[in-house]
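Okay, structure first, notes after.
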Amino acid sequence: MKISGRNFIQGKVVDIKKGATTAHVHIEIAGGVVLTASITNEAVEDLKLEKGKACHALIKASDVMVAVD
Amino acid sequence: MKISGRNFIQGKVVDIKKGATTAHVHIEIAGGVVLTASITNEAVEDLKLEKGKACHALIKASDVMVAVD
Amino acid sequence: MKISGRNFIQGKVVDIKKGATTAHVHIEIAGGVVLTASITNEAVEDLKLEKGKACHALIKASDVMVAVD
Amino acid sequence: MKISGRNFIQGKVVDIKKGATTAHVHIEIAGGVVLTASITNEAVEDLKLEKGKACHALIKASDVMVAVD
Amino acid sequence: MKISGRNFIQGKVVDIKKGATTAHVHIEIAGGVVLTASITNEAVEDLKLEKGKACHALIKASDVMVAVD
Amino acid sequence: MKISGRNFIQGKVVDIKKGATTAHVHIEIAGGVVLTASITNEAVEDLKLEKGKACHALIKASDVMVAVD
């Protein structure tokens, strides 16, 4: 499968915090950078996410901002 | 300044393609990963973005999805 | 591949309008409903999108609003 | 009222799961497709959403991705 | 019509810049604050937007970030 | 720091409701308009948000819709 979302970044799950309906998944990518994804608990279960699991972060280009000093 | 957006990733601009109103900015982050940000031309000018410029990519956690094989 | 985005809707491309950097892709789903996706021209080329091609629309649950009369 | 969001899809609420602050609303649209909307509990109450209620899903075109096999 | 999106802000159109597919609409709200909305050209036409027209800006709560000094 | 997000609106925190993982922060801006931001609990703590604190709301232009009567 190919997806139009331009940012598809290899990583692995390093932490999952489930709330009542929304979970925060922490994904370590290259260089030790850790991303936070806020997704549904349902998705966490459907994808069988757990610490150490290989995954990709997927981000649409229109959701990326740029900041400079 | 501190921002609630949980993903604030250090990088540098490696390419900019301006369209009529919308620009695509490519940002190289750790490990040679290149992100694409779709932002307004106005922001490109306001931030004086140009190839080689140090920057951060900023992404809200609720805009990050997870994919697994 | 499985994706956390909860809305993965089968359809086919019925129209593509490319702009300078951003394209609008129209996708017909069940019941003759036509969705509009605003994606990068780059993605249109990468996915080899063209009229009649089978595809899915992918939408994160946090990007869906509800309206009532 | 008319809204710029290009995807305004007729359906009815088939399930609501309220969390501590965020609710997941399931909306059945044409062809038996069920969408998931992640919205605030406050909105669920304000719109008096309940199972069986007619509604529309509203999605901005820039939040729709495309996937192909 | 009522919409789940929690931010529905009264204003008027003060400027429109149409690109090839994407338009930037500037909306003045209370206190002289000017918002920028990036929407499709198609929506600009469909809503008959023009300078001086009364409108509302609509923003989903999950798309609002917070910044502090 | 300068950010590409075109909507950076001065205000102050008037209410915070923390859920299990997601918090709703209410920000009063000019003219008594109150915005709702849905952000992570983690961000609320990191930014030391509390009632009365000066802040800005930050919204990407591609996340702003327009509505007309």
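Note that the chains are named A, B, C, D, E and F in the order they appear, and that numbering of residues resets to 1 at the start of each chain.
We take it that contacts are C-beta pairs under 8 Å (C-beta built on N, C-alpha and C of every residue); 3 or more make two chains touch, one makes a residue touch a chain.
None of these values were measured; they are calculated from a predicted model.
Where touching is counted per the definition, the chains common to chain A and chain E are B, C, D, F. Taking C-D and B-F together, the pair of chains sharing more C-beta contacts is C-D.
A rotation of 180 degrees, rounded to a multiple of 5, brings the CA atoms of chain B into register with those of chain D.
Computed centre separation for the pair chain D/chain E is 21 angstrom, with centres defined by C-alpha atoms. Chain geometry summary: the mean Cα position of chain A and that of chain B are 17 Å apart.
Look at where the CA atoms of chain C average out and do the same for chain E: the two points lie 23 Å apart.
Each of the following residues of chain A touches two or more other chains: 1-6, 19-20, 22, 24, 36-40, 42-43, 47, 58, 60-63, 65-69. Listed by label, the pairs of touching chains are A-B, A-C, A-D, A-F, B-C, B-E, B-F, C-D, C-E, D-E, D-F, E-F. Per the touch definition, chain D reaches chain E in the complex via residues 1-6, 37-40, 42-44, 46-47, 58, 60-62. Those residues of chain D that touch chain F in the complex are listed here as 1-5, 19-22, 40, 42, 60, 62. Across the complex, chain A meets chain F through its residues 17-20, 22-24, 36, 38, 62-63, 65-69.
For chain A in complex with chain B, the touching residues are 3, 5-9, 13, 24-25, 27, 29-33, 35-39, 43, 47-49, 53-69.
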